[in-house]
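Each of the next two complexes has chain A plus one more chain, namely chain B in the first and chain C in the second.
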Partner chain A sequence: MDSSLLFLPELLLVASIMAIPALYIATENNKSYSICANMTLALSFLLLILFWFYPDEVSFEKNSSVYIIYSHFKLDTFSQLFKIIFVLTALTVSVLSGSYFEEDEPHQAEYYTLLLSSTLGMMLVASATDFLTLFLGIEISAFSSYAMVAFRKQDDKSTEAGAKYFLIGAFSSALTLYGISLLYALTGSITFEGMRSFFTGLNNEVVSGNFDEVIFISSLFILAGLGFKIAVVPFHAWAPDVYQGAPTPVTTLLAAGSKAMGFVALFRVFLFTMEAVSDEWKLILGIIALASMTIGNLAAITQDDIGRMLAYSSIAQAGYILIAVPALTDDAVSGAIAHTMVHAFMKGGAFVIVAGVGAAGLGYSLDSYKGLAARSQLLALSMTVCLLSLVGIPPFAGFISKFLLFYGTLQAGLSGDTWIIALVIAGVLNSALSLYYYLKVIRFMYLYDAVGSKDIEFSNAVRYISFLTVLFLAIILPLFWQSLFEICKEATVALMT
Partner chain B sequence: MIDPIHFVVFSSILMLIGAYGVIRNKNAIVVLMSIEIMLTAANINFVAFSSYYHDLTGQVAVLFVTTIAAAEVAIGLAILLSLFKQRDTIELDLLNTLRW
Partner chain C sequence: MRWFLFLLLVVALVPAASAENHTVIVTQADDSSSYFFDPEVLTVNIGDTVEFVWGNGSHNVAQVSDSESKTYGSGFYSGVPEVGGNWVLPAEYTMQDGTLYYVCQPHALMGMSGSIIVGTGTPPLPDIAMEFGDFPWLSYLLVFPLIGSLWILGFRNNPSAPRIIALFTTLFTLGLSIIIFVKAGSGSGFRLMEEYVWAPKLGVSLLLGVDGLSSPMVLLTGIITPLAVLFAWHEKEKPALFFALLLVMQTALFGVFITLDYFVFYIFWEVVLIPMFFLIAIWGGDNKRYASIKFIIYTFTASVVMLVGFMALYFEAGVNSFSMIEIAEANAGFNRDFQIWVFAALFIGFAVKIPSVPWHTWLPDAHVEAPTAGSILLAGVMLKMGLYGLMRAAIPVLPLGAEYFVPIMVVLAIVSILYGAALSLGQEDLKKLVAYSSVSHMGVALLGVATMTELGFAGAVFMMFAHGILSPAMFMVAGVMLHQVGTRDIPKLGGLAGYQPTTAGVFVVIFLGSLGLPGMAVFVAELAVFIAFFQSHGYWLILPIFGMVLTAGYHLWALQRSLFGPDSEQIEMNQVHEAPWYEFYPLLVIVILAAFFGIFPSYLMDPITVACYDILAFMGEV
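== the complex of A and B ==
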């Protein structure tokens, strides 16, 4: 098979990004855009699955990697795994948007175009081999999501959230770019491979000189931009506002897709490129992880808007994932990859329910979840599974990935830096703390009586997606946890060598 | 003779000016302009070290960054315009409907 065919999933998205505006000119039918977006994403998803299992030298099960487009693109297990997650998230969001927006909601053609281009940006980030492609991918995805957050022009909250997201996002991406330019100034190369060999040379004293301060400062700058994407503590202020203000399908994309993209970029930069100089950034990442999980969980307790509560919980989850990065061992990193993926499912699933409840006219406060079980058993069950999975209660998928993450990091701490053990202990304590506010929602759903009428129609899309979420988080992943672990192991090897 | 260090000093001064502008200003348009100054600071590093290493990658990067900056302004002004239509102001202190 010609290896440039492997670019087909992305090319499909590009074609569709151009096709939807053409559809807008040709027809005035709002349904056609959503059908076009759904079909493209489903086809792209099927292609990615096909390439994953294709019995050829490019099969990603056997951990080979292929370079395409003048080696600006690298396709390996790690990148393909996350592309599948991104496309799946976008497909969910696209299906959900079809039922969430009214039939006559204006600007739907723009909305679906932006959704596809945001997904395209995420996929570029997953296979980038140099900082320029990485930065371009991040920006394509970010610009599209700025516009998507502010896309309801008549809604005051949506516009305010968009303005905040844009200003903070543009500031932090300028900081990242400055960090990248400092690294270019130091190493004279912009590819990950070139920088890695420079840093390894520095470590083995092949390259002479003391560049500790420059490396420290540029890693701080880069961390400021990527930390904004994954919403960790000093850079988290936008997350609650945007998650609350944006239309809920967009929030789903940000919480599940955009966050995973941030982690992909972070892993590529810190675990591959700057691995040899880990002494410079280890401690700062540890401090950020600790602050992020503690502040996220403490702030989530007092929230009374479900979007804000889930935003703070997602800040805390980013803190858990980040403890594996200073650990730097294969086991810890594969735990982090597993938790990033499972987090996309749990958070995405929870926000789908939020969108369904909101679209049914029940509102977005915590009180609107009172008596949800009496209204729809399935939605309440799905929300419960997602929330318990976020805490890490045993039978669910969140437990497995969190266990892998904490266990791998603990092993690294026992054999290396002892302060990493403190991070693991803080993570376990924080999980216990987070039980409080998740259980509050579950108590509201099952133990309280519904205010108002019991017969509320939830849309079919929400019901199907929540059924699939339950199936995935409570049955499939817990049963096949070993293959999940093996895939993450393969991805780690692909990432770190 | 101009050493590479002079370029780094110059670009970091520009960077600080830009960051100061973002933090201090209350007008969203001025914040947008300050962000452009920060991107220019990164561009100066790229161009300077591109000629220092005799490597064209840095200059290509600058072309891409300039494009990104233009797109950023376009998106930003569109969002700020729709904010202005609703509130008749783009003072950043007044963005306080969403808060805990």
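== the complex of A and C ==
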């Protein structure tokens, strides 16, 4: 069968990106854009699922598990898994935006176009086989999200966040690019495969020469750029401001989608391309992971804006995920993949509630969560599940993924580099530390009386999404975590070979 | 022909009957430059005899516990024969697989030591009897409270339906737990086992089973929860949520006591925290926000450290299973340093729950602020999780680690006993007094565990049960004071016996039972622990005994100040009533139970002793 069918999920997005401006010319109806975006994303999501379960029919051979198109675009379990996450996130954001924005909010056509193009960029990153495609994907996604963050032109905070995000983003892109160019100059290849074989050769002394400094410096530059995307210390400073200032659906996209994209790129670069020279970057990543979780958690304690608090928590979570990267074993990496995915659900779920509460006019400070349980049991329950899941309290999904993450990493530490054990212990203690600020929100929701009226209508979209989140995080994933583990294992094998 | 057959028989039998004889020379170099056994390491088969022959010098042969040890503790000892004399190792030492280490006492420090490897070299672990049940009693135990809580949420707007459903459910599970206790019996090994595969690739399954260690705890949970429900009969604030949480908590507690899989054990362990947090945070006293946060952060921090320990055990055992039984069977491969580190991690997790000084500070806060039903479950059952976990998940798997920690445990236990009792003396709030007395009582149980003897273990488990029924009763007493008198402050009370004579009588019995009056359950436990401690540590016993004096002191003093003496000026005496039926009958039930198990301890002691023997067998101590 014709393999270009495999492009369908992406092609659909491209078609829709062109269709929405056309719709804008044809009709002034704001609803039509969101309907168009929702339909596109839902269809794309269905196709991805379809291709996942019936790969043979569309010539995506699951046995060989890899399918490469024009040698720049690769479909394997790893990429498809994350594409599902990206499209699902974008779908959630799109549905959420429909209820978040006022009917007559201007520039909605642009907004949905940008949302789709940002998703397209993420999907490109997941499938990239060389640095050019990777960089292209990152930039498509990033430029779209710069504009989306600053979407509310009249709102000072939104504009400020947009400007900040853009400046720091452009700077870090430049750093990444410089790192890539160094690697290119060194290896003479732009593809991951080519660089990998160069580094392996270097390791086996097939290629002679000592390039330690160059490799060290270029990995530092690339790390600076990708570290910005996943928001780890010390490249994290933008996150709290942007998460706070951007319209909440956009924050959801950044926290769930964009962050996962950063990890996808990071995994491809460090776990596949530069695996052979891991000695050069292992320790830096370890230190960054440690700093990130500790500083993230400590800073989160004092926040009184929910967006900022979740931003710092997101920084801490990135730290947890990073500890698996220096471990370099299959189990650790599948733990990291599992936690990246589950993190997208937990954080996305939490920000959906934030959007719902914000859209209902209650505000974005922690205080606005006082008495939420009295206003809506469902929203409070969903927020509780998301937050406890972020801490890693059993039996929620966050515990399962965190367990897999620490499990794999500890195993690597016990059998290899012992300093990795310290990272695991730091991660475990940090989890306990983080309990404090998550509990603060839970206490506010259940133990305090609501200020103001009790009868506040939350939009149906928010209610449905939060119901699904609870279902997924509290019941489905914990029951079938063996499947999660196996899928992540498959993805790891696809990623690392 | 007949002779030939006879001869054949003889030839066939002789090699089977003959055991090889080995000789070890016990000697020193002529110039005294070196002292040695020759051969230093001897490998023999089971049933062989070993003869020691003396060369130069005066030496002896004395068994030591391991290759590092230099001092004779117990085991074989040769005396000091003349040069050229000999001594034969008693046959009983070579009858089973194992490694025997020995030294020459005068020259042990000069490196004169040797070992005999019998058979495979590792002592055989006892086979654990595992009996799979034909009826899923244990999963019913987990499922019914959950169904009950969903049922309650279905009737959440009805004012009295929740408590009736809760009482019904808990009485039903009480019936189940009695059945389970009886069926578990007092045989060795696990009964009523069930296994449901969850994640086979990682070796996680819901492995359920009870033995003599867990069946008393199941019974305890079954008894305490309906009493807690009954005591909270008139809960006005959000009754549906309250009772639903109690039932969820019951499921989690049962789960902790009946799972034999580290992973699932940890999950239940943590799930206990969530309902307890809400019980304290929503229905607690004035300072509930602080107390609930402190409670959950303290215990959560400790238990994540414990989780790291569990994972390390899993990797080190290498059996690709989180099953406690399989990991314990692999414990011969754990080296001593590993055992010490992992035991430390597990001990932190368990010690916070026990709670042992210095990790006890969450307990008084949580108790004082918790609603009485919460305190009942907290003191009655939750505190037992710590020691239960220690005896189930840590000690059998890590015998060397446990031995290393014996002195630390003894010190912590004695400090807990004395410090807890001393603080109790100084308390004015009755509930706080009971909270600190829990620290002291659980110190006694920890002391029993630290003796590492069968009697000590059994005393500790008995203490867990006895304290598990009497300490809730004391919290109920504090609750009755608050409801019927209006205050729990001891200095404000006085002369209550004249106004509520029946209730006061029950109070006195409960307090006397808690201080260890013979004939009540606590006495049996304390006696067992102290005898075991005297056997293992001798006259150090004077310290915990002194703690008992303090214990008697604060119990009697509290009674005297609150119930007797002149009528208090600070309370309205005409407002004081007898306790209502739903508060009185739980107390009466407990008094009866405490007396029953005090007079007939064997119903509990039999299964407990067998289980404790199993644990020691696993550690290779017997």
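By definition in this document, the second predicted complex is superposed on the first by the 484 of 497 C-alpha atoms of A that agree within 3 Å, B and C clash if a C-alpha of one lies under 4 Å from a C-alpha of the other, contacts with A are read in each partner's own complex, and residues count from 1 in each chain.
Going forward, a residue touches a chain if its C-beta (ideal position, glycine included) is under 8 Å from a C-beta of that chain, and two chains touch if they have at least 3 such contacts.
Model, not experiment: these values are computed from the prediction.
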Request  = Classify the contacts of A:171 with the two partner chains as first (chain B alone), second (chain C alone), both, or neither.
outcome  = first
In the superposed arrangement, does A:394 touch chain B (first), chain C (second), both or neither?
-> second
Inquiry  = Applying the document's definition of touch, where does A:137 land relative to chain B and chain C: first, second, both, or neither?
reply    = neither
Applying the document's definition of touch, where does A:308 land relative to chain B and chain C: first, second, both, or neither? first
Identify the partner contact of A:257: answer first if only chain B is touched, second if only chain C is, both if each is, neither if none is. neither
Name the contact category of A:429: first (chain B only), second (chain C only), both, or neither. second
The answer to whether chain B or chain C touches more of chain A is B
So, in the complex, the side of chain B touching chain A is made of residues 4, 8, 11, 15, 18-19, 22, 28, 31-32, 35, 38-39, 41-43, 45-46, 48-49, 53, 55, 57-58, 60-61, 64-65, 68, 71-72, 75-76, 78-80, 82-83, 85-87, 92, 95, 97-100
Given the complex, residues on chain A that touch chain B span 132, 135-136, 139, 143, 146-147, 150, 153, 156-157, 159-164, 166-167, 170-171, 174-175, 177-178, 180-182, 184-185, 188-190, 240-241, 244-245, 299, 302-303, 308
Listed in rising order, chain A residues that touch chain C in their complex are 388, 391-395, 399, 403, 406-407, 410-411, 414-415, 424-425, 428-429, 431-432, 435-436, 439, 443, 446-447, 481-482, 485-486
As the complex stands, chain C meets chain A at residues 198-202, 263, 266-267, 270-271, 273-274, 277-278, 281-282, 288-289, 292-293, 296-297, 300-301, 304-305, 307-308, 311-312, 315-316
